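Take a look at these structures.
One chain, chain A, links the two complexes that follow: it is found with chain B in the first and with chain C in the second.
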Partner chain A sequence: MSDRIRLSIDGRELEVKPPVSLLQAAASDGTPLTSNVGCMGQGVCGACRCMVRREGEKAVSTVLACETSAEDGMQVSFIDYFSPHRPHVYDVAAITDSWRVADAVRDIFPEAEHCRHCGGCDRACPKGLEVQNGVALAVAGNLADAADVFDQCVMCNLCTLACPEHIWPNHLGLMVRRAVTALTLRPVDLITRLDEIERGQQPITFSGEDDDDAADRTANRAGTPRKG
Partner chain B sequence: MTRLNSVLLNPRIGVGADLAAWRKAGGGEGLARALERPEDIIPTLRAADLRGMGGAGFPTWRKWTATADAPGDEKYVVCNGNEDEPGTFKDCYLLHRTPHQVIEGALIAAAAVRAATVVFYINPHQTDGIEAMRRAVAQWAGDSQIAALERLIGQPMRLTVTPSSGRYIGGEESAVVRWLNGSFPFPRRKPPFPFEQGVNDKPTLINNTETLSNISHILKNGADWYRDLGIGGASGTKLFSLSGDVLEPGLYELPMGTSLQELIFTHGGGMLGGRAFKAVFTGGPSNTLLTARDLDVALDFDSVRARQSRLGTGAMIVISEGTSVVRKVAEYVEFFANGSCGQCPPCKCGTFQMSRLLDRIATGRGTEADRRALRHLCQILPGSGRCALIDGAVTVVQSSLQTFPEEYAAPASR
Partner chain C sequence: MTTAIAYATAVEALAKASPDGDAELPLRPGQLPRAELLEAYHPDAGAQARVPLRIGPNRGDPCHPALARIVEGNALIGDVDLAALAPTSTDVLVIGGGGAGAAAALAARTAGAKVTIASKLRIGDSNTVMAEGGIQAAVGEDDSLQRHFDDTIKGGHNVADPALVAQLVGDGPDVIRWLIGLGVGFDLAGNATGGGRLMRKRAGGTTAARILSHKDFTGLEIMRVVREAVELDSGITVLNRAPAVELLSDDHGRCAGAVLYDTDHRTFQLVHAAAVVLATGGAGRLHLTGFATSNHYGATADGLALAYRIGARLREVDSFQYHPTGVAHPPHLVGQLISEAARSVGAKLVNGLGERFIDELAPRDVVTAAILRECAEGRGIERDGSVGVFLDTPHLLKDRPELLEKQLVSLKHLADRCKVDPYEEPLMVYPTLHYQNGGVAIDRNCATSVEGLYCAGEVAGGIHGRNRLMGNALLDIFVFGRRAGIAAARQVQAPRDQHRIGLGHVQRWQRERMRAGITDQLLSPVLYPDYGNFELRSHMAAGREG
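And then the complex of A and B:
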C-alpha cells in the first residue's frame, strides 16, 4: 500500500508523502510560490488563505494552507490577495482622547453598524475567532474586549471577503487593537525588558553568534530600542 | 406565426388598478368559478399542468396540495414579486399593468388552501408596481367576492402589499419567509419547506407573480383550454424577457413550446446589426447557455431541460458574434458575488475568486494556471451553500467553459 496521498490544488493533481501541510504540498511539484505565501508555515501572515473540500464532503471550508494538513482526496483552491477599495486612513497617534475613541472607530468603519449578523465572518475565520462578536463589541464601544477578540488575528482577509456589508472586520480589529494599545500602559514585563536593554543590562543574543559579539554590537548600536 | 400576447399580456386586460374595468374585461369570472366549487381548483390546475414560472417549473398543483393539506387554520399566500434577476422583467409589467389579474389569482389560491392572509411581496424598486397594487388591493375592500371568500375560509381576509428587501437572494422562498417574519432575508436549508413552516411558522404558499396571473384564466376557461394554448406536449403560454443583441428586445407572451428561433428572429426582429447569433443565456444568468445548434429548441420546461439547460424565468439574454462570452459571464459572476448573502463563506469567497479569475481572463491577463484554477473551482463549489446561488454561478461558468473553450484560450492563440 502506497504511503502517499493524492490531492488537487488549483486544478493541479499532486501526490505527496504525509505528513505535509497544504502549503508544502502546493510547492511539492516545483511550482514557484509567487503568491499566497508569506511566513512559510508559521501561521502568522495570513497569505495562504484557501478553500478546501474534503473527500466525500459537500462542505467547503476556508483555512490557511500552512496550518492545514494535506489529506487524501482534498480539493484546494487558493484565494487571491486583495486590498480595500477604499483605504482606511487614520493616525493612531492622533487618538489621544479615550472618551472619543469609540466614535473614531465608528467614523472610520461606518459599515460596522450595518452588520446583518449572518455569521459568515465567524465561519470564514481560519483562527476560529468570534469576529462578528468583535465587531459588535467595537460598535457598542467596548473596545478593550473587541481588541481581545482580534488578538490572534493574522489579517488573512477571509472575514473581509466573507462580509456582505463590506465591514472589513479584520481591519477594524487591527485599528481597535492599535487604539487600545496606544491608550493603555504596556505590559509590565515588556517595560522592564526594554528598560534593561536600554541600560545595557540585557544584551540581545542572536542565535549562532557569540554572546560577546552580540553584546558588543548592542552596546555599539547608535539607535537602541526605544520604548513605544 | 404563433399567437402573441394572447392571455396575460392581452391588451384588452391591461386596464391597470381599476377593478370595475377589470371585471368589464372579463375579470372576476375565474374567482367566481373557484368559489362555486373550491374543491375543483387544485384538480383543474393539475389537469392544466400549470408550472411555477419563477424559474423552477415545479407543478403548481403539488405546492397547493401540500399547503392545503398542512394542518392548522392559520395559513398564508405570498405572491413573489421580488424579481431581481438580470434580464428578467415580466413581473413588473404584470403588477403594474394588470394588478387585478395577479390579485384574482392569489385570491383563488387563498380559497384553495384556505389562507386568510395574502401578501404581495414586491421589489421596492418596482415603484409603479407597488403603487398600482396598493390602489388595486384597496378596491377589493368590502367586495362581495371577498365576502364569499371569507365565508368559505371562516375568517376575515387580509390583503397586504409589502415591499421586499430588493436583494437578489430575497426572491428565494426561504428568504421570502425570513423577510416577512421580520428578519434579514437569509435563505436557509430546506426542509422545512414554506408549506410546513412559513410566515409566522405557519403553512405558507409562495408563488411567482406570473404563475398566479395564469390562475384566473385557467379557472375561467378550463384546463383543456390552457393545455391547448401550448405547442406539442407543453401547456399554456410563457412570458419571455428578450434582451441583448436583438433588434426588438422586450416582453413577449408566446405559447409554451415556441422555438427559440421564432422568439429571436420572428418576434425579436433578428440580430442587431445583422450580426450572427452566437448564444443565449437561457432563463437568466445562472443556467447553461444555448448556442446556434439549439435554435430549434422548443421553449418549454421539459424540452429546454432535455438540452441540459433550464427555462428558468423565461429571460433570454441573446449575444451575437463580437460579444465576449467570457466578459458577460464575468459580469454575471460579479453580480452573484455581490448578491451572495454572506452566510456561507464558500459562496461569498468562491464567487469572488471566480470573479477575479474571469476578470483576468476576459481582459487578456489570464494565465494557464488561472484557467485551470477556474475549472477546479467549478468542481469544488457546487452544493457548498445553503441555497442555489453558488450552484447557479458555477453552472454559467462551467457551461461557458464547455461551450466556448476558445474564448478562454490565451489571447495569442485566439
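And then the complex of A and C:
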C-alpha cells in the first residue's frame, strides 16, 4: 500500500502514493485544476474524461478520472470537454403527438439511420451502456427500450466524440427519454394535488408564527451559553 | 486520542448481534435527549464554531470562522483590471450552472429576457447532478402542503422564514409538473407506467412519505434534462469556465452585472446586466472544521463572498449540515456520500459493539451528532487509520436482496469502488460536510437587500433554518430558481444608469476593512479548493508566457 507508483498524465511524469484516483493524481504536482473536474469521485457528472493505457497493454480505453484508480505505469490523457455547435436542435414542448415520437427522432437525428455498427460508442462508454443497441432501438421506433438503455447515461459525450456518423448517441438517447416522459408521465396523485391547490383546498397556516418571531429565536439561539 | 474498536472485532460483534440475520439489533441504552446530543456533539455547537463578523451588513452576527475570513476578504480585482475592457450586455446574468442557475435561465427566457449564464466549470457541474435521494413534494393522499410546511419548519429548528417555506412547499407539485414537462422521469409505485401513482419514499424527520425519485440518481436525471434544455435554447448564452470574480455596481449601489474570469483565455470579461441571479451553490469544498465533503469541486462559497461585499445581508452562516453517512474508508473516497435512501429503505447504523445507537430516520443533524458521540466515546470502528460506524447493509439485503439492483444503484457503484461486497460486509461511514443551511437572505421572489441582485439555491438562506431535510434542496433550487429568473426578467423594465457601472462597492468595502483594522489579506471568492492549485495572478501570468 505504501509504495509509490509512477504514471504519466498529459505528458507529466508523476509519482504518487496509492490509493488515489487519476483526478487526485493529476492535481498532485501543483498543476492548476480548473477544468475537466466535477463531482470528484461519484462518477455522475461526466466532466473528467480521459484516455488510459495501462502498463503492458496496447489498447487505450476511455474512463472517468474521478472513479479510476491510478496504477503504476499508466499513461493518461485528459480529453477536453467537447462543446462545438449543436447540430440536433429541438424543443421538447414542440413534440406534441405521442403517436409520432419516432418521426421526431428521425427529423432531429437523421444520422441515426446511418449507424455503421462500428461499436465505437460502446467501447467509448465509461459506464458500459449498450449505446449502439440504444441507437438501433430508437431508429426501429422501440422508444421505451431505447430510453431504458440510456437510463444511467452521465452525458459525458464520449460516444458523441467516438461516432464517425455524427449521430450524437447520448443526446439522441436523452431526447427519446425526454419526449417519452413529457408525453406520457401523468401521475394521478400529482394531478389531483395540483387540482386541489388550484381550488384553494390546500391552505397553509403558519401557526401564529411570523418573521419577527423567527428572527428573535435566531438571536436567542446564537446567544445561548453552551456546555463545555 | 480517543480509542476505537478494531475493524475485525467490530465485524465479529455485528455478526454475533444478529446471528440469523433477521433479529432486531439491540438499541444501546443511555440515549441523550436530542437537544443535549446536538449541543454536545454537533460540529455547529461549541465555542470554536462561530465568530462575530466585523464588517458588512451582518456586523456582530455569528459566522463560521473559516467562512468569516472569506466573506470579510478583500476583492480579487480593482479598477485597474477593468481599464481597457469593453463590456458585453444582457438582460439577465445568471452566475452558476447548477439546477438553480439553469432553472433561473429557463424561467427568465420564458419571461422574455435575454439571458447569459456563466459557470465556473461547465454548465451542469454542480451538487445538483450529485443529488441521489430525491425531491420532496407533497402529492400523497395522506400528505398535504401543511404537513410538508410543518415538517420543514420543525426540521429546521423553527428558525426558517415561514413565508419562504410556504412558497417552497406550495410550489412543490407545480415544480414536479414543470420538470416532467421538460422530460424528467420519476419512478412510479409498483410497476405502473404513465398514469399510475408516484413512488414515494420516507425522508428522515418527515411525517409522510414525500420523496419522489428517479432510482437513486434523481439529481443526474434532472440535471441532464435541464442542462439540455438550456443548451438548446437559442436565447441563452452559455459561458463555461468563466467564474465570477466580482459583481458590478452602479452609482446607487444597485447590482449591474459582473466581472468574469475567462479561464481559457486568462482574461477578464465584463458583463452588464439589468439583473443578476447568483446561483453559485454552497461551501463544502472549504472543508469547514476539517471535515471531508460530499460536495462538488466548485462549492467554495463564491456567491456569499460576492453578495456580502456588495451589501447583501446573510443569515444563519454559522449553520451547516454534516450528512451522517459519508464514506469513512478507503481513504481516497472519504467524504463521498452514501444516500439517505439506504436508511430510508431500512439500513441501520451500528457501532463497534454491534449496537444500534439512534433512530436512523431522525433528522440529519441528530444522526450526525449521534455518530460523532459513538466515535468520541470509543465505540467507533477503526480501519487503516479511518474511524467511523457501520451502515449495516448485510442485514438489510439478507431480507431484501433485490434492493441493491433496483433502488440503490448508486450505493452499489460506490460499494464497488470501496471494494466492499454490501451483501457480506457493512460500509464504514462518518459524517461528511454536505450543505450550507444558511446563506444570502432573500424574499419570496429571491430579491436580496441589494437591488438588482437575486439569489437562488444553496447560496440563499432562510428556507431550511438550521437543518435541511432530505429532498428539500432539489425542491428549493427549482422553486426559487424559477422565481429568481422571473423576478430578474421583470427588473429589465427598471430604470438604470448605464454610464456609472464599476467597482464603487469594492472601494467602500476596502475603506470599511481598514476602519475595522482587518489586516488578513485573504482574497475572495477563492474559486477553487486548496488542492486546485489556483492563484489568479500567477494563472494569468502563465497564460502570457504560453
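In the analysis below, the second predicted complex is superposed on the first by the 179 of 228 C-alpha atoms of A that agree within 3 Å, B and C clash if a C-alpha of one lies under 4 Å from a C-alpha of the other, contacts with A are read in each partner's own complex, and residues count from 1 in each chain.
One rule holds in what follows: a residue touches a chain if its C-beta (ideal position, glycine included) is under 8 Å from a C-beta of that chain, and two chains touch if they have at least 3 such contacts.
This structure is a prediction, so every number in the text was calculated from the model and none was measured.
Applying the stated contact rule after C-alpha superposition, one finds that A:Q42 touches chain C and leaves chain B untouched. In the superposition on chain A, A:G119 contacts chain B only, with no contact to chain C. Contact with chain B, but none with chain C, is seen for A:R12 once the two complexes are overlaid on the shared chain. In the superposition on chain A, no contact is made by A:I108 with either chain B or chain C.
Contacts of A:L33 after superposition: chain C is touched, whereas chain B is not reached. Look at A:L158: by the touch rule set out above, it reaches chain B but stays clear of chain C. By the document's definition of touching, of the two partners only chain B reaches A:Q75; chain C does not.
Comparing chain C and chain B on the residues of chain A they touch gives the larger count to C. On the side of chain C, the complex with chain A involves touching residues 39-40, 45-47, 50, 61-62, 121-122, 124-126, 129-130, 137-141, 144-146, 149-150, 153, 157-163, 166, 169-170, 173-174, 176-177, 180-186, 188, 193-198, 215, 217, 219-220, 224-225, 227-229, 231-232, 234, 240-241, 263, 296-298, 315-316, 318, 330-333, 336-337, 409-410, 413-414, 417, 466, 528, 531-534, 539. For chain B in complex with chain A, the touching residues are 184, 186, 340-346, 348-350, 352-353, 356, 369, 372-373, 375-377, 379-381, 383-384.
Residues 19-21, 24, 27, 30-35, 37-45, 47, 67, 69, 81, 83, 86, 89-93, 151-155, 171, 174-175, 177-179, 181-182, 184-190, 192-194, 197, 202-207, 209-211, 214, 217-218, 221-222, 226-227 of chain A are the ones touching chain C in the complex. In the complex of the two chains, the chain A residues touching chain B come out as 8, 10-12, 51, 53, 58-62, 75, 77-80, 82, 116-120, 123-124, 158, 161-165.
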